Amino acid sequence: MDAITLVPTNSLLTATPEEGRQLAIKMARLIIKVTQPDEQKRQQLRDVYAHDAIMLIAIGQTVATKFATIAAANHYWR
Amino acid sequence: MDAITLVPTNSLLTATPEEGRQLAIKMARLIIKVTQPDEQKRQQLRDVYAHDAIMLIAIGQTVATKFATIAAANHYWR
Amino acid sequence: MDAITLVPTNSLLTATPEEGRQLAIKMARLIIKVTQPDEQKRQQLRDVYAHDAIMLIAIGQTVATKFATIAAANHYWR
Amino acid sequence: MDAITLVPTNSLLTATPEEGRQLAIKMARLIIKVTQPDEQKRQQLRDVYAHDAIMLIAIGQTVATKFATIAAANHYWR
Amino acid sequence: MDAITLVPTNSLLTATPEEGRQLAIKMARLIIKVTQPDEQKRQQLRDVYAHDAIMLIAIGQTVATKFATIAAANHYWR
Amino acid sequence: MDAITLVPTNSLLTATPEEGRQLAIKMARLIIKVTQPDEQKRQQLRDVYAHDAIMLIAIGQTVATKFATIAAANHYWR
């Protein structure tokens, strides 16, 4: 398997929704890192994302799916 | 990590479904802001969204996913 | 925030699955209205949706996601 | 609202998984009918679906989402 | 309705996760069969899937959604 | 059915979130293997994924969906 850490603290539990959302973004980026380990190429692709409307929306979708899991794990920080 | 606040009040709890839906839209916009921090470029991309049928549908999808999480957090405001 | 009402009765609860599905469609349309407030442009885009196979499928997907939330809110009208 | 019935029996409950899946397909078709009420045009679009690989996959996705809701409603016919 | 069986054993329950995943794949294929009943055309489309990166990913997505439902039905084989 | 193993240990249970995420990636790859069993062709397609922004995002989405199921199976490793 890959040597890249996929879940930064090896836990889905966070103190707050804000931190949960940051974790969702990090996990989204780490999956991309596994598929494209070359830092320079990822940087080029990031420039593509940031200027393409449909990709920005698609990134929002994948972060939303990850966040749903993290929120459930944390009982929605109720 | 990014300095942008990702969850406005750092809570998924809202008084009403209407406010829950507003929160879903805000969170969708904040994820886009993290990926494209330049306000002027975001404005250009917003013009693209607003006139493209498939993008309007895609935005609806990502807001729906976020809203599902918020609604569960609020026990569906039952 | 936008002055557009996002959840018509400010509730996810409906008497029947049929009404739940109507609510899902309304909420899908209201999100599109927030992103594209111009009625005339939305009408043009509706003509695009209605004649494009992949968009019809995509609309079905976003309504399905909204309906999942509404159905859970209503304990599936069991 | 539309006069088209969106949930055939106004219930998500079915006797078996097979019937649940049939209901998911019917509901997917009814949403398309709401967006494109013209029978002849829908028939043309169906011909498009049936010969396009990505659309067949996309239809599978939307039926899967609807079926997830119906299955939960029926306690998975356990 | 279609004469094609949509849920092979008319049950979402399987002995193991492996069998659950096989069921998810079968159900995904059966939905495609309903939309495109012609075996020869489906074979042509399968050749398209197998050589197109985005379609392989999309198939993975729809199987994942079906598997989520089957896994819940089986209490995750815990 | 296919002779390819779809769930490596025939279990969704893992000791940690990190291992859960690795399992999600493996399961995503195994579904692709079922659809395209030829190793050489898969390698060619992997090169396509790794250099295409929208595909990287789409892979993230399908892994996120699988991980959601695995996380629920493991009670979110709480």
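Note that the chains are named A, B, C, D, E and F in the order they appear, and that numbering of residues resets to 1 at the start of each chain.
Here, a residue touches a chain if its C-beta (ideal position, glycine included) is under 8 Å from a C-beta of that chain, and two chains touch if they have at least 3 such contacts.
For clarity, every value in this text was computed on a predicted model and none was experimentally measured.
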| item | value |
| --- | --- |
| Chain F and chain D - chains in contact with each | E |
| Taking each chain's C-alpha mean as its centre, the one farthest from chain D | A |
| Distance-maximising chain from chain E - centres being C-alpha averages | B |
| When chain E is superposed on chain F by its C-alpha atoms, the rotation angle in degrees, nearest 5 | 60 |
| Same-site or different-site touching of chain C by its copy chain D, using the half cut | different |
| Interchain centroid distance [CA atoms averaged], chain A/chain C, Å | 27 |
| Chain C and chain F, separation of their C-alpha mean positions in angstrom | 32 |
| Whole-Å gap separating chain B and chain C, where each centre is the average of the chain's CA atoms | 16 |
| For chain B, residues that touch 2 or more chains besides their own | 49, 54, 58-59, 61, 65, 68, 72 |
| Arrangement of touching chains [line / ring / star / complete / other] | ring |
| Ring of chains, enumerated from chain B in the sense that reaches chain C first | B, C, D, E, F, A |
| In the complex with chain E, residue positions of chain D that touch it | 16-18, 20-22, 25-26, 49-51, 53-54, 56-61, 63-65, 67-68, 71-72, 76-78 |
| Residues of chain D touching chain C in the complex | 1-2, 5-7, 10-13, 27-28, 31-32, 34-36, 41, 45, 48-49, 52, 54-55, 58-59, 61-62, 65-66, 68-69, 72-73 |
